[in-house]
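There are two complexes below, and they share chain A, which is joined by chain B in the first and by chain C in the second.
Up next, the complex of A and B:
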C-alpha cells in the first residue's frame, strides 16, 4: 500500500534557523499607465522571504498578488511601472537594475512556475530541448551534460521513463505531467527562490495533491525558498511557513501559518476562513458566511482601510483615517486593522433549520444511462456508461468527479442539450433521455432548468441583465401582461438579493457574482421542478462563492425544487448535498447519502478524493493522504475491468484489470462498485476520525 | 445574509465608465476620427451638391477647353470636353456614395444569412455553403465583375448584383466563424432551454454579438467597392455617360495624361481620400471596440 503521511513543511524547520533574507520587498508601488488613466495596482507592499522559508501570498482575484510576482520577475510589460520602493534579492536591488543584471538573476536564481503549464511550454519544441536550454544558458554546460541533467530532473519530479519523455512534445503530456515539466524546468538552474503562481489551479484534485507533495519534497532536497501564490487557503496552510493576506494591493495581515489561521485578526482574513466550506461540516452543522460586496477597483479604493466598505465592524472616524499602518501584535504577526483588539473570532452564523427531505417521492430516476460519442473509425468516447441513480423531491444530489468523468455530459442530457445513446431518465413519469430540448414539449422544458458554470458566458453581452429572465417568464407563461412580468422580474431579483436597478444593466457592468445571481434568477423564473447546476460557483472567488451557495440553498429549500449539483469540489459537495454520486470515467463508483460517502467505508477513489482536500484549520488532525499514481486514462480507451484499476491503491488482483467490479450493497442507500468485498470496505477508516461523525 | 450590493459612489463610477457607448468610444481614437472626417467631408459634399454654387457637371465651357488649368471660374480646372472637374467630382461622389453602400448592404444581408446558417446548423448545410463560397472566393474578384458587367450590362442594379456575388462569401465566412464560437456560449443553451426557436436565437441572441466585427467589415468593404467601381469606370464598364463617374473621369483624360496630368490625378486623389477614409474609420472602430 502506498500510503504516506506527507509533511511538506519538513524542510522549513531546519532552514529558517539561518534567518538571512532571500527576498525583501519594501514599500513596493506598482502602477499601470494606460492611455487615459493610471491604475495603481499595488499602492504599497512590504514583505520578505527568508532562506529556506515557504511564504504564502493569499488573496482573491484582483488583489495584486500575481502583479507582485510579475514585478519581482521584471515582467510588468510595456504599461506596468514600479513607481516606488525596492525589491531586494539576496541584497541586490532589482528595481532599476540593468537588463543584463536582471537576466543573470531571472531564471537562474529566481525561477517561476505559472498557472497554465500549456502556455509556459513551447508547443513546437521537445521537452528535452526546452529543459536543456536552462543549464545550457545559465550553467554553461555542454549539450550532452544538459540533456543528462534534464533527464535526472525529470526523474526527480516523478515523471516515468525520463529518456522517452525528453523526446516528447508538450501536447503529448497530460496537464499534471506538463506542470511537473514546468517545475523541473524551474528547478534545473538550482534557483534560491521559486515563485509559484497558482501552480495547481487548473489541475484535478488528485493530481493537485501529488504536485503539492512533490513541491514539498523537492523543496527539502534543494533547500529553495518558495513564494507560493494562491487563493486556496487550504493549500497555503499546508505548504507555507508564513502567510501574507493581500487585499486590494495591500498586505492586511501577515504571520506564521499556524498562528494566523488559528487567530486571524483582520476581519478579511476571518471572512476568508469562514466562507470556505470544510470537509468536516455539512449544511446542517455550519452555514457559510459570505463577505458582502466585492473588492474595489484600484481607482475606487476608499480612504483609510480598503476593506471598510465590506467590513461589519466599520467605525467611522477610526477605520477611514488615512494613516492606517500594519500593526505588530506580537509573535511575528502583523495586521492592518485599527480595531484588531475588538475583533472577536466570529461565531458560526445562525443555522437555519434544515430538515432532511421528508417525503420521499421520487422526482428523477436515471437508469442505465449511456452516452457514446462516435469519433470516426471504430473509436468511441464513452462519456457515460450505465449510470443509474435517483433523486427524491426537494433533494440535492451531487455528482462528483474529476474532469472527464462525464458529469457535465450527464447534466446536458438531463436538460436536453444533448441526447443519450440509451437508457432512461424518468421525470414525472416521462422518459426524457433521448428527447432533445427542441423536441421537448414546453411543460417539460419548463420543469427542468439549468444554472451554468461560467458567469462570463451565461448572460448575453448584448442584452440587459433582466432580458433573459423576462423572456423566460413570457415564454412559459408564468405571468401574463407587461406589468405582471415586470413585477415578477423584480421579485426574482429580490429573491437573489439584487437591487432592481441592476435589471437594465449590461452584463459587462456586473461582477461575476452578480451575473451568477442573475443566472439563478433566470433558472428559477420558469418555476422548475428540477434544477441542474453545473459547477455553479467554481469560477467565482471564495468569498462570493459562499454567498452564491448559501443563496442557492435558501432558494432550493424554499421552492422545494430537486437539484442536481455538479461539482469537483468535495468540501463544497459535503456542504451542499443530501446524496452524493461519485463518478470516474463515465461510471458511477459509489453513491449514497452524504453521511455514508463522507463517513468512512468508501470506495478507494472516494477515499483518494477526500484525502486530497486541504483545510486551513491548523488544529485539524493531519489526514492520511492517499497518493494516486498516474493520470486519469483517456475516455476513448478505458480500462477493461474496473475503470479505476490503473490508479487504485487498493487493487486486489488481476480481476480488477479484467472484470468489471460487482455492485456492493452497503446499505439501502449506499452502493459501491468495487472488487473489495463489502465487509472489508466497511473497515476503511473515516478520513476525519470520529469527530466528523458527531457533527453530521 | 446581507449580500445586497452596496450602491455607493464606487458602483456609480464603474457604471459611468462602462456605459460609455460603443459609438462614443470611436471619438477617442485618432485613427477613427481622421477616417470619419474624410468620409463626412465627401458625404456632406455629395448631399449638398445641388445647392452648392457649382457649374453644371455636364455642360462644356468651350472657352476653358484651350486652357483647362485651375482658374477662378473652374477651381480644379476642366476636362477635355471643358466640363468643370470640381463639379464632376462632387456629383461623382453622389454616385459612388450611393452605389457602394447599397451594394455592400445587399451583400451583407446575403452573406450574414449564409454564414449564420452554415455556422449554426453545421453538417451538410455548412459543407454546401462553405464549398460554394470557396469556389467564388477562388475567382479573381475583378474577373467576376468584368464577366458579369460585360454580360449583363452596366447599371446600378448590376453593380449591386456583382458586388453581392463577389463579397457575400467573404462576409459569410466571417459570420460563420463568429457564430461557431458564439453558439457554444451558455446563454445560447439557456435560450434553447426556454424553448426559443432557431430564428429568434439567430437574430436576437447571436447577431447582436457579431455586430461590431460586421460593422468594421462593412466599412472596409465599402472602401473596396469604391475602388472596384472606379476600376469598372476606368474599364468603361461603369455607369453610362454622361453621369459623372470618378473612374470614367480618369479614363477620359488618360489620353492627354502627358499634357494635362491634373485631369487624371484629381479624380484619382478623390478616390484615394475616400477609400482611405473608410479604411481608417474601420481600423479605428476595430481598435476602439477591441474587447
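Up next, the complex of A and C:
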C-alpha cells in the first residue's frame, strides 16, 4: 500500500510542521442520531489547512462539506455527533471542547461566511448593532468604539456611506451588499481562519465576481487562511491553492489546484470537470458528459469505493474491497481510486454536425412588449419595456440576465400567468400577450408548456409522479381511454429515461434529477409547440444537471419544439441556445445568434457577464475580468438614458445617462443597444482568445 | 399613516353595523315581544297590543333597525321613554342623545346605567389575568421552545396542555374546594362588595387564577412553536457562531423574532377575556360583562345585547389595530414607508 494520508503521522510527511498548520482534521467521523436510525454523514475525513493557505472543499449537495464546516465550528445541532477523530485548530483540540472554549474561538479565531446572506442576518436588528456585537463580545471595547470599528470595516468591504449603512436593516440592502456585511462581520475580530460556505451561491454573476475579488483582497491584507466550500469548480480553481474533492462524505482526491484540475485522477473528479458546460463549445461541438446515476444516500453507500455504482471503470473484486485508502501519486496529490492508473479521461464526445434548423418558419414573435406594475402612488415598476425578439420553429432562444432583468416576468406573460401592459406576442398568428391563462382557449394552453426551476416545489407532494403527466394527457385529450393514457404515460417516462416503476412513487421518494425528469415529461405530455424553461437545471447538482440538459436537448430536437430557455448561467446558455437575448433591467441590451453574442464585438454588459464566467481549466487563458461597480438599480427608478449606464465600464459620455441608446445593427441577426458605434463595438476582443479554442 | 388609521376606523364602523344588524335579526326569532317584556307577564293582551302599536313594533325589520340606529346616534328620541306608553322608563340623560343604547327591558334601567359598570368590573378581572398571562406564557413558551423535545420542553408542555384542557368550571370548583372549603383562606364568591366579610382584593384571587390557568397554556404553546422555528433560523446560527452565549443569543436575537407571530394571539386573548369569561363569572357570582350578555340574551333584551355587541366589536377592532401597530414596532420589514 502506498502512503496513507489518514495516518496521523501523514501531516508531518508533507514537510510542514504542526506550527504552520492552522486547521488539522484527522479521521473525522460525523453521525446524526435520529429517533430510530443513525446516519453517518461523514465516515472518515482528513485534511489540513496551512497558514495563509486557501483550501477548497468541493462536492455536490449531500457530500458532507457543509457538515464538516459546522463540525469545525462545533455546531451540529441536537442530533449531530462527532463520533471519532480530531479537529485541531492551531494545536488546540476542538472535539470535546467546552462551551466556554468554543465561544472564545467562534467569531474570534474562526469566523464564517454563509451561503444565504439575507437569512444569515437578523431581520429585526440594524446592521450596526449586529456588526458591533463582534468587537463588543471579543475585543472588550466600548459601544462607541465597536460602532467605529464596524463603520471602518464596512468601508473596508467597500460599502458606500458606512455610517448610514449602520442604521439600516438587512432587508434594505441588496444581496451583494448583505454578503459584504456578512464578510465584514466575519473579519471584524481578525480571525486566523475563515470558513466560506458557498459564499456566492445565489448572487448574480457580476456581484459574485466583485465578492470573490473582495475576499481575495481582504485575505492578503489580513493574512487569513481560507476554507472555501463550494460546488462551483470554476470558482474553486481560481481562488484556492489546494483542493479536496468530496464524494458521499469521503475525500476522493486532493492536490494542488493546478495539478488536480490539469490531471484529475479520480473518475468522479474527471466526470465533474467534464460535465460542466464551458464557454468555448456549444451543443454542436460537444455534448456534456453526464455522470450516470445519483449520489448515494448515507444508508445506501456500497462497500468499497462509494463511487463504484456510477463509475465506468468499476471492476469487481478490486473496487468493492472495503480497505480502499487515499493513495499518494506524487506532488502532494492523493487519490482514493485503486485503478487510477487505468482511468483515462474520456475525450469529449465529438458530435456529428447537427445542422441548424433549415426551414426558418417563425414560431414566436415578441414585439414591443411592455409590462408595468403600478405600485400605488405614482410609482411604477418597469418589469419589461419594449422587448422585441423572435424565435423560429425548433429554435432555442435563451433569455439571459441577472435577477431583476425581467426574464421571468416575460416567461410569465408568455405562459399567461400574467398579462402584458402593451405589445404583442404572436404564437401561430395569435396574439397572446394580453390573454391570461384562464381566458386562453384549450389549444393555446396546450401549445405552451412550462418547465419550472425548482422541481421540489412544483410537484404536488401528495400525488404520485405520474399523476401530473396523466392529468395533462387527459385534460388536453391527447389520448382517450384508460389504457391508451397509461400507454402514453409509459412512453413519456421512457422518453425521459425513467423506469415505469417510478410512476406510482411520491415526489419525496424521488431524487432532484428524477423530479425534474417528471416535470419535463409533464411539459411534453401536451405535445406543445413552445416550451418555456425557467432555469430548469439551476436547482440541480452539476453531475445531474448535465444529464438533464442533454435529455432536454434530445427531446427538443426530436420534437422540433421551440424553446424559451431562461437562465443566468452563461456557460450553459452557450451550450444550449441557438439564439441569445441579453436583458438588463427590463430592456434588451443585445440579441443575436449564440456565435455572435459569444464571439466578441458585444455589448459592454454582455462582455461583463461573459468575463465573469469561471473555468476550472487552469491552462485556459485568464480572461480579462470586467469589474462592474455598484448594484443593479431598482426597477422603480430606472436610469433615464441607457439602463446600464450607472454600472458601465465603457461609458462614452453624458449621452449615456440622458439619451436612450440607439439600436446598432451588427448583422441581420445581431443587434446591440448602445451609444458606442458599431465599428468600435466590433473591435471588442472576444473575452476568450483564439488560443483557448483548442483546449478543453 | 393617517390614511391607514382612517381606513381602519371605517372598517370598524362597517363591522359594527353588520354585527348589530345580525344580532337584531336573530333577536327577531326569539320568543316574546318588546312590549310583552316591558309590561311584564301580568299585563293583558290588550295592553300589550296597545304598546306594540305605539312602539310601531310591527313595522318591517329594516325599518325598526333604522329606528334603533336613529336612537343610538341621537337623531330621534327613544320611543320606550315616551310618557304616553305609561311605562315610566326614564333616563336621567334625557331621551335623545348620542350613544343612547336604549332601555334595558330586563333591568328596567337605561342600558348605559348598567353596562359600563359591568364592563369596568370585567376589565379589572381581565386586566389582572392578562398581566399574569403575558409573562407566564412568554417564559413557558421560550423555555420549552429552546430545545424541542428536551426534558424541559416535555415537562412544560405537559403542564401547559393539562392546564389548557381543564375546563374553567372544573378548575373553578377544584380551587374553591381547595382554598375555600379545605383550607379556607379565600372567599368562594366575588360579588365585589364587602358584605361577605372579605376585602375586595381577596375576591379577585380565585377568578383570576382560573382564567390564567385556562388561558396561559394555550398562548405558551403558540410562543413555543414560534420559538422553535426561530431557533432554527440561520441568523441564530450566525449569532451562536459569533461566539455569543446562549443567554445573549436568546435575549438579543431570538426573543423579538419569536414574539412577532404570537403577538396577535396574545392580543386576541383580550377579546376572549372581555366577553368570553361567562363561566368564570357565573362560578364566582362575579358581576361582569359576560354574565350580563348571557342574562340579556336569555331574556331577549335587545337593547342590552346590541350595546354589548357594539362594545365587543369595538374592542376586537382596537386590539387588532394594536396588533398591527405592534407588528410594525417588532418587525422593521413591514413598517409603513
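As a working rule, the second predicted complex is superposed on the first by the 668 of 696 C-alpha atoms of A that agree within 3 Å, B and C clash if a C-alpha of one lies under 4 Å from a C-alpha of the other, contacts with A are read in each partner's own complex, and residues count from 1 in each chain.
Rule of thumb we're sticking to: a contact is a pair of C-beta atoms (placed from the backbone, for glycine too) under 8 Å apart; a residue touches a chain by one contact, two chains touch by 3 or more.
Owing to the predicted nature of the structure, the values given are computational and were not obtained by experimental measurement.
Superposition note: with chain A as the common reference, chain B and chain C can be accommodated side by side. By the touch criterion stated above, A:427 is placed in contact with neither chain B nor chain C. In the superposition on chain A, no contact is made by A:493 with either chain B or chain C. Applying the stated contact rule after C-alpha superposition, one finds that A:121 touches chain C and leaves chain B untouched. Seen from the C-alpha centre of chain A, the directions to the centres of chain B and chain C diverge by 30°, a value given as a multiple of 10 for the model superposed on chain A.
When both complexes are overlaid on chain A, the residue A:445 reaches chain B alone and has no touch with chain C. Once chain A of one complex is fitted onto chain A of the other, the partner contacts of A:173 are absent, as it touches neither chain B nor chain C.
In the overlay built on the shared chain, the residue A:105 is in contact with chain C alone; chain B does not reach it.
Once chain A of one complex is fitted onto chain A of the other, the partner contacts of A:75 are limited to chain C, with no touch recorded for chain B. Chain A has more of its residues touched by B than by the other of chain B and chain C. Legend: residue contacts after superposition of the two complexes on their common chain; A:453 is shown touching chain B, with no touch to chain C. For the overlaid pair of complexes, the smallest distance between C-alpha atoms of chain B and those of chain C rounds to 5 Å.
By the touch criterion given at the top, residues 73, 75, 78, 102-108, 111-112, 114, 116, 119-125, 133-134, 137-138, 169, 171, 182, 185 of chain A touch chain C in their complex.
Chain C contributes residues 147-149, 233-235, 237-245, 252-253, 256-257, 260, 330-333 to its touches with chain A in the complex. Every residue of chain B that touches chain A in the complex is listed here, in rising order: 1-10, 13-15, 18-19, 28, 185-187, 189-196, 204-205, 208-209, 211.
Considering their complex, residues 36, 290, 292-294, 296-297, 299-300, 302, 309-310, 415-417, 437-438, 442, 445, 448-450, 452-454, 457-463, 468, 471-472, 475-476, 497-499, 501-502, 505-506, 508-509, 514, 519, 522, 526, 547, 550-551, 554 of chain A touch chain B.
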